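Below is a structure I'd like to ask you about.
Letters A, B, C, D and E mark the chains in the order given here, with residues in each chain numbered from 1 onward.
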Amino acid sequence: ADKGPIKVGILHSLSGTMAISETVLKDTALMAIEEINAKGGVLGRKLEPVVVDPASNWPLFAEKARQLLAADKVAVVFGCWTSVSRKSVLPVFKELNGLLFYPVQYEGEELEKNVFYTGAAPNQQAIPAVEYLMSKAGGGAKRFVLLGTDYVYPRTTNKILRAFLHSKGVADADIMEEYTPFGHSDYQTIVANIKKFASGGKTAVVSTINGDSNVPFYKELGNAGLKATEVPVVAFSVGEEELRGVDAKPLVGHLAAWNYFMSLKNPANAEFKKKWAAYAKSHGVANPEKPLTNDPMEATYIGVNMWKQAVEKAKTTDVDKVIAAMAGQKFAAPSGFTAEMDEKNHHLHKPVLIGEVKADGQFNVVWKTPGPVRAQPWSPFIAGNDQKKDEPDTN
Amino acid sequence: MLEISGLHQYYGSSHILRDVSFTAPQGACTVLLGRNGVGKTTLLRSIMGVTPIRGGAIRLDGVDISQLTPNQRAARGVAYVPQGREIFSRLTVEENLLMGMAVKPAGKARSVPSEIYEMFPVLKEMLRRRGGDLSGGQQQQLAIARALVSDPKLIILDEPTEGIQPSIIKLIGEVIKSLSRRGDLAILLVEQFYDFGRDLADHYLVMSRGSIVRQGLGADMDKDGIRDFVAL
Amino acid sequence: MLRLIVGLAMATIFCAPAAALDRETIARLAGGDAEEQRLALDALVAKRDVAALPFLRDLLADHVRTADDGVFIVEDDHGLDALQRTPVALPAELEEVSTSNSVRLAIEESIAALELASPDPATRLESVKRLQSAELDEARLALIAEAESRERDSAVRDALRQIRALSELQSTHRTVRLAAAKALRASVSGRVREALKARLSVEEDGEIRVALTRSLRNIESSLAVGETLGIVFSGVSLASILLLAALGLAVTYGLMGVINMAHGEMMMIGAYATYVVQNLFRAHLPDHFQYYLAAAAPVAFVVAALVGVVIERLVIRFLYGRALETLLATWGVSLILMQTVRTIFGAQNVQVENPAWMSGRLFVTDNLELPYNRVVIILFSLAVLLLVSFLLARTRLGLFVRAVTQNRTMAKCVGVDSSRIDTIAFALGSGIAGLAGVALSQVGNVGPDLGQHYIVDSFMVVVLGGVGQLAGAVYAALGLGVAGKIFENLVGAVLAEIGLLVFLIVFIQKRPQGLFALGGRQAD
Amino acid sequence: MNEATEMSSGVALYLDDVQVTFDGFRALRGLSLSIDVGELRCIIGPNGAGKTTMMDVITGKTRPDTGQVFFGRSLDLTKMNEPQIAAAGIGRKFQKPTVFEHLTVFENLELAVKADKSVRASLFRRISGEAIDRIGELLETVELADKAQERAGLLSHGQKQWLEIGMLLAQRPLLLLLDEPVAGMTDHETKRTAELLQTLAGQHSIMVVEHDMEFVAAIARKVTVLHEGAVLAEGPLSEVQSDERVIEVYLGR
Amino acid sequence: MLHVPPSPTLARRLFDRRGWCAFALGAAVIFIVAPFANLATAEASMLHLSDASIALAGKLFCYAMLALAMDLVWGYAGILSLGHGVFFALGGYAFGMYLMRQIGHDGSYHADLPDFMVFLDWKAFPWFWAFTDHFAYAIALAILAPAALAFAFGFFAFRSRIKGVYFSIITQALTYAMMLLFFRNETGFGGNNGFTDFKRILDYPLATPQTRIILFMLSGASLLLLLLVSRFIVTSKLGRVLTAIREAESRVMFCGYDTLSYKLAIWTFSAAICGLAGALYVPQVGIINPSEMSPAASIEIAIWTAVGGRGTLIGPLVGAVVVNGAKSLFTAAIPEYWLFFLGLLFVLVTLLLPKGVIGLVDAPRWPRIALPFPRKERAS
C-alpha cells in the first residue's frame, strides 16, 4: 500500500574510540543501499538510510536505537560492533520488536529473535584457527599463548579455547593466558614473556587483542624480531583495516582467521572490491587511494542483501514476517561461497579461512574449510550449553 | 617629567579618580599622601597602565603614554614598585633582578649591577633563594631593587617602606635622595609614613576621595599642616 | 699460511657437490604442496646442495613466480630463469608461489644447514645460531656433527657442540649424557634451560644430575641478568615515551597553567605530520626514504607549534587567570581537532613505517636485544628534554616565560611583552607535543584518537612530578615507567596498571605537591 | 576555657629552644621566649630575623625541627593542627593581609566570629543576635560599616588590614598574634590601632611584630629583639633602643 | 547601633519569588504536563510527548543531578573532581545488581544466576551480591557505597592536604583504576558488558510507558529535592565556609574551622547524590558498564558544570541538559559533523559567556545570603 521510501537505520559509531572500525561499516551499508536503490529498490520502494552517530557511548546506542525504531520507524537497523553496544540496544529491539543485523565476530552465548548475526561465532573462527596451528601445516604448535584485551569477548573466547585445548590434550602448563587493558600501548614485557615461554617448545600466540592496541602490539613484535616462522600469531580481530596502520613487512607470516579476506580471488569478490573502490571514490570516503575491504564489511554487505531478499520473499517489511523469511536465505557472498542463513539460529553458515599476512598488508589464504560451517552460538565447550536450544526463545 | 591631566578612573560604576592633574618633574621627588582607600594605588596603577583609565592624559616627557600597554610604558622608562611587592615568587632572587632588566637589550642584561647589592646586602646573600621564600621585608627590598636596575626615567613607588626595618628605611631614603639629586629621574612616591615622606619630598600632593586636594613644596609640608590634614 | 690451507680445504668441500640443483627440484619447490616442498628441501640438504642457496633465498623473499612453461625469479620487473639465473623474457601470466609459515621455516633452516659450509666464519656462526632453535632430524644432526668435526673456528665449534649436546642429552649412553650436560654449561639459551629441566625430571644417574643441576643453575643466572636488564630497559623505554608525552604539557600546563586537554591532539598532529612527510618522501624522494624522520621532526614541531599559535591567539589568550575555564575551551578544541583529522585523513589509522635503520636490534647478550627504535626514542626524548630544559632554564626567553606565567601583570610592568611570550610559550609546548607525536608514530598507532590515550598519562606525569618542575617530570616518568614494568612482570598488565594508579594515589598522600614539591612559603 | 588552657601559671605562651630549618637555612636557632597572661609584647628585629616564622610555628603552620611550644600551662602546640590551635584561643593577623576576597566584609567577620564551628552548626544554626551585634560593633571599630556588603577583594590595602584586625577580634582569642598590623596605615590610624591594642591588653595576651618604632613606643611595655632566629635583647624599649647591637643590626645610626 | 531587620524565612532564603515560580513551573511540567502529554494524548497529536522523549528527559535529569553534585564540590568548595563518574557508576552498579536479580529465570540461560555468571561457570553469587534482591537494600547500597568510597578516599586525601590539581589527578586515577577493575570478568560485575537486559523493577515490567514515566517523575522529583537541599546548604553558613575554603583554606583553619570535616562532608554528600543519580539512570537507559568510569566521562561532568555556570547550582543543571540535549540532537541530525558543533559550543561558551549559559539570563538574583545588614545606601 505504502509507496514511500522504506527507512533503514544505520547505527555505527562515527566518533569516539570505535569510529576507527565502525565508520567503514556505515559506508558499506550505504553502498549496499545505493546499489539496491539503483536496481529499483525493494518491493518497488526506495530505501532511505537514516544515519546516526552513537559516538562509542553505550547508553547513547540504546537511545539512538529507540529513536530509530520509535521516531524514525525504520524497518531494520544495521549496526553495532562491540558486544556491549549490542547488549545495550537489545532490550530496545525486543521491546519495540525491531530488527538488527550485527556484522561482527563475537563470543556467542546469545541468540535473540530480533537479531541476525552475520559475523562469526567462536566455532567459525577461533577453533578452526587453533586446530590449524596444531596441524603439521600450521607448524604443529604444542604451547599456546592466549593473549587478549581484558574484556568479555577475549575472556570468553579464551575460555572456550582453553577447554578445546584441554580436549586436545594440551596441559595447563603449556597455556599462557595474558590480558592487557583497553588501549594498552606498551607490549615490551608481553613480547619478552612470549619469547621466554616459547623456549619451552613450539609455541603459537592466539591474539584476541582488540582495537587500538593491535598496532603497538604488532609494531613491538616486529621490533623484537619475533618472526612468524618461530612464533606465529593468529588474530581474530585483525584484518585489512587494522593492518592499514602498520608496516606489514616484519609481520609476514602472522595469521588471521576470518570468513572473508580481501585477497580472495573469485568473481564475486572482484566485483565487491570494484564496487567499493568506486563508491569510496565517488563518495569521498577517506583514503580512496587505498580502498580496503574486510570481513565485517562483507558481513554487512551480506546482511543488507539478505534482508532485501527476505523482504521480497515476505512481501512486506513487517518484522515478524521478515524474520520468518530470513530462514534459509542464500546469498552469493564475496568470499566466493554461498552464505546461508541458518533455518533456526539466526547465524550465517560461513566458510572459515586462515590467511597469512603478506608484505603489502593483504592476506595469503593458507587454509580453508571445504565449505560453509554452521555456527554454534552456544559453544559446546561451555558447561550447560548442551541443554540450550539452537533457536531464539519464542517469548 | 610626568604630567597628569584630567585623569578619571572607575572601577565598575564607582568613580575612583576624579579629575586628577599634577606634574612630577625630573630630578625631583614628588610625594603623594592620603588616607587609606582614597585612590593612591589606583593612580599609580593607572600610570603604569595596569588599570584602564576613563579619561585624561598621562604624559611622559611630553608624549602621551595613556594608550600604551604596561610593557610599552616600561620600555619608555617607567619603573614600578607596587604595593604588596608582587615579586616573582618562584624565581630566584637573582632571576627577579634580571627580570627588572627585561627592558634592556639582552646583551646588557646578563648580570646584575653590583651597586644594588651595596644598597641591599641581604639580597646578595640570598641570590639563589626563591623570591617567595624571603621574609616580607626582604621581598620589599627586592621589589625596590628590581625597579632600580632598569635605569628608569620615572620611578613610581607605592609605600616602599612597608615592612622594612628602620636602618634600611634610612638607607632607602638616602638612595631616593641621591637618585633625585642625580637629576635625570622623576620620582613619584606614595607614602603613609609622614616623616619619611617629608624628608624626601621636593613636592607633595595630598589626595582625598580620588582628587588632589593639596599640593606644594616639600619644605612647606610642616608649615602647611599636612601631618594633621592627612590624619583627619 | 695455516689459514690459507684451511681456506683451500674449505673451498674444496664447499665446491664439491655443487650444481646439483635441477629443474625438477625447482618445480617441486615452487609448485608443490607443503609436503612436497619439505621433501624437496630435505633432499637438497641431504645432498649438501649449496648451489640451491640463491634460489632458496629468492623463494623466501617472495621473488619466485611460476608459469605454465617454467619457474622464474622476478626482481623489480626483471625476470631470471630460475636455474640458470640468466635474464629471460617473462610470460604474461605469472603466479605467485605461496609459501606458508611452516614451509618458510623449513627453507630458513635448510639455508642455515647449507650455510654451515660457508667459508665465512661469521656466516657459519649465524647459521649455527639459527639452528639452535630448530627442531633437528637425524639427517640434520648428522650434518651438524660433520660440520663440527671440520670446524676450526672455536666460537662456531662451541656453538655446534652445544647443538649436538642438546640432542645427546637424550642419549642412552651415560657418558655421552654426562658430557652433554657439562657441555651445555656455557649456553645462554632458554631452550637449553627447558631441555635441561626436562632431562633433570627423568634423569636417574646421580652424577649426571649434579652436572645437569650445575649447568642449569649457570644458565639460569646468566639468563636472569639479561632478563633483569630487559625489564629495566623496557621500563626506561616506557618512561621515555611518558616523558615525551609529558614534556609539552609541562610547558603549557606546568608553566602556563593552561589545563590543556588538547595536548594529546597536538601529539596527534605531530604524528600525522610525520605521516604526511613520510608519504611525500615516498612519492618524491624515494631514494632518501630512510631519512624521512629527520625531516619529519622539524616539520611536526613547526606544524604543531603553528596550530598552538592559532589556538593561543584565538582562544587561550582570553582565559589567562581563569585556569579552570581553559579546561572547557581546550576540551572543545580537542574535539574539533579530532574531527578535523577524521574528516581529512579518515577515521582509520594511517601507516607510519619505521625506517630500516630503526628496525633492527642491538645485541647485548643472548637473551637481551634492544630494538633500535626504542633506543632511538630514548635518545630522542633525552635530546628533547635537554632542549626544553636549556630553553627554560638558561635562556632569557625561558626566564620571561616563567615570569609571565607566575605573575603576568608584574611581568608586563617590568617591560615584558607578555602576550608575545604567551604565544611563544604555548607554541613551544605544542611544538614539543608535536615532537612526541613523531616518536609515538614509531611505536603506536596513528589515528584521530591517538592523543586521547596519552592525556591521562601525561597529566599524571606532570602532576606526580610536581607542577612546574621539569626535573620532577623526569623522575615521575622514570618511576612510573620502571615501576610499571616491574609490576607487569609480577602481576600482569591489567593489575599492574591498576596497581600503578593506586600507587599514585597513595604516593600523593605522602607528597601532596608532587615529587618535587615547591617547599616553602609560596606553596599556598 | 578548659583545664589545659588555664592560665593560672601566669604564662600565656612559652617557646623553648625552637629550631626551624628550610633547605639547610636555619631560620630559627634555638628561640626561647615567654609571654605572660595579659601582656602586650612587641617583637622587633631585622628583616629575615624569623619573626613571621615564629608566628608560623605558634599557629601550627610550620612544624619546628626541635623545641617546645606551650600555650598556657600544658597545651603543647607542636602536637596540634591549625584549627585546633585556633580553637584553643590563638588568633593571628598575617603580615600580608589575607581576607576572603569573594565574600563580603560582613561574611568575613561572620566566619571569624566566635561560635560553634562544627559542620553541623554551620549547616543548621542561624546566626545569633548576639553575634550580629558583635559584628556590628566590630564594623564600627574598623570603620568598615559602610562597606559591610562589599566584596572584601575590592577593599584597599589599608582597609584589608583593618578588616583582618576585625576578624581577629571577632574570634575573641586569648592570645593575639599581630604581624605588622600598622604597615600601610596612616599615622592617624596607627594611633587608633595603638589605642585599640592598649585597651585589649590585660584581658588578652598580645604579641605584636612591628617595624614602626613610633607605634612600638606608643604601646610597648616590654620589647624583644630577634636576630638571626634567636633573641638578641629583651627589655623596656628605651633600654633596647640604646643597645649597641640593636642599633647596629636593626635601627641604624 | 545598626538597625537589624528580621532575618528571612527559610523559604525566602532558598529562593526569591521568581525562583519559586520557576521551581513550581518545573514541578508542574514534571508531574502533570509531561505524564499527561505522554500517556493521555494520541500519538499523532501535536501535544504528544513520545516515549523516547520521556526516556531522554529522564536520562537528562540524572545527568543534571551529577552536574549538581559536581557544582557543590567544584563550584562552591573549589574541589575539582575528575572522578565523579566512579560514584555515579557505583550507584548504577549497586542498583543494577538488584535489577539483575529481578530478571529471575528469564535470562538467556534461565538459571538462578545472572547470565554472565552462568557463562563464567560460577555456581553461586559472590558475597557482595548478598541482599541485593531487596529493593530498599539496593537503593541504600546505591547511595551508601559511593558515599563510603568517597568518605574513605576523601578522608585520606584531605587529611594529607591534597589540593588543587593534585586532588583532581588522584580522583582521575581512582576512576581509571576502578574502570580497569570492573572491566575484568573476575571482578564480578559482568566485565565490559556490564549489566543489561533488565526486565523488571519491583516486579513491574520495565519496558512499559507507565514504568518509564514513573521513573521519569522519580528522577525529576529527586532532582528538585536535591536542588532544594543544595540551596539550603549553600545559603547556610556552611556554604560560606566552603567558599572561604576555596579561596584560602589555611586562613579558614586559622579562624578555627576544621576544614577537613567540611570538605569531607560536602564531598561525601556529593558522591551520594551521584550514587542516587546512577541508581535512577540505570533502569532508564538499560545498561551500566565500566565506561561510565572512564576518565573522559568524568571530565564531561565538569564540562557540563562549566558550560552551565559554576557556583550557581541552577547553571550546571542547565549545562547538563544543554550539552547532552545538543549531543542527542546533533548525533542524529548531523552525525558526521556534530563534534565540530559541540567543540565550538564549548569554545564559544568559555569565551563569550564567562559565567556560563546561565550568565545569559542572569536570572537567579537570589539573595546572596540571608543578611540582616542594610545595604550600603542605608548606612551612609
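One rule holds in what follows: a residue touches a chain if its C-beta (ideal position, glycine included) is under 8 Å from a C-beta of that chain, and two chains touch if they have at least 3 such contacts.
This is a predicted model, so every value here is computed, not measured.
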item: Pair with more cross-chain C-beta pairs in contact, given A-C and B-C; value: A-C
item: Central chain (distance from its CA mean to the mean of all protein CA atoms); value: E
item: Identity of the chain that, by mean CA position, is farthest from chain B; value: A
item: Maximum centroid distance from chain D, chain identifier (CA atoms); value: A
item: Centroid spacing, where centroids are CA-atom means, of chain B and chain D in whole angstrom; value: 29
item: Centre distance in Å when chain B and chain C are each reduced to the mean of their C-alpha atoms; value: 62
item: Centre-to-centre distance between chain E and chain C (centres being mean Cα positions), rounded to whole Å; value: 46
item: Two or more partner chains touched - positions in chain A; value: 14-15, 150, 179, 181
item: Touching two or more other chains - residue numbers and ranges from chain D; value: 22
item: Chain B residues counted as touching two or more neighbouring chains; value: 133
item: Chain D partner contacts - residues on chain E that touch it in the complex; value: 1-2, 4, 7, 232-233, 236-238, 240-241, 243-244, 246-248, 250-259, 261-262, 265, 368-369, 371-373, 375-376, 379-380
item: Residues of chain E that touch chain C when the two form their complex; value: 80, 153, 156-157, 160-163, 165-166, 169-170, 172-174, 176-177, 180-181, 183-184, 249-250, 295-296, 299, 302-303, 306-307, 310, 336-337, 339-340, 342-347, 349-351, 354
item: Complex contacts: residues of chain A adjacent to chain E; value: 14-15, 51-55, 57-60, 62-64, 66-67, 70-71, 82-84, 87-88, 90-92, 94-95, 109-111, 150-152, 155-156, 159, 179, 181-182, 382-384, 388, 393
item: List of chain C residues in touch with chain B within their complex; value: 396, 399-400, 402-403, 406-407, 409-418, 468, 518, 520-522
item: Chain D - residues contacting chain B, complex; value: 22, 25, 45-49, 51-53, 95-96, 154-159, 161-162, 180, 183-189, 191, 211-213, 249-253
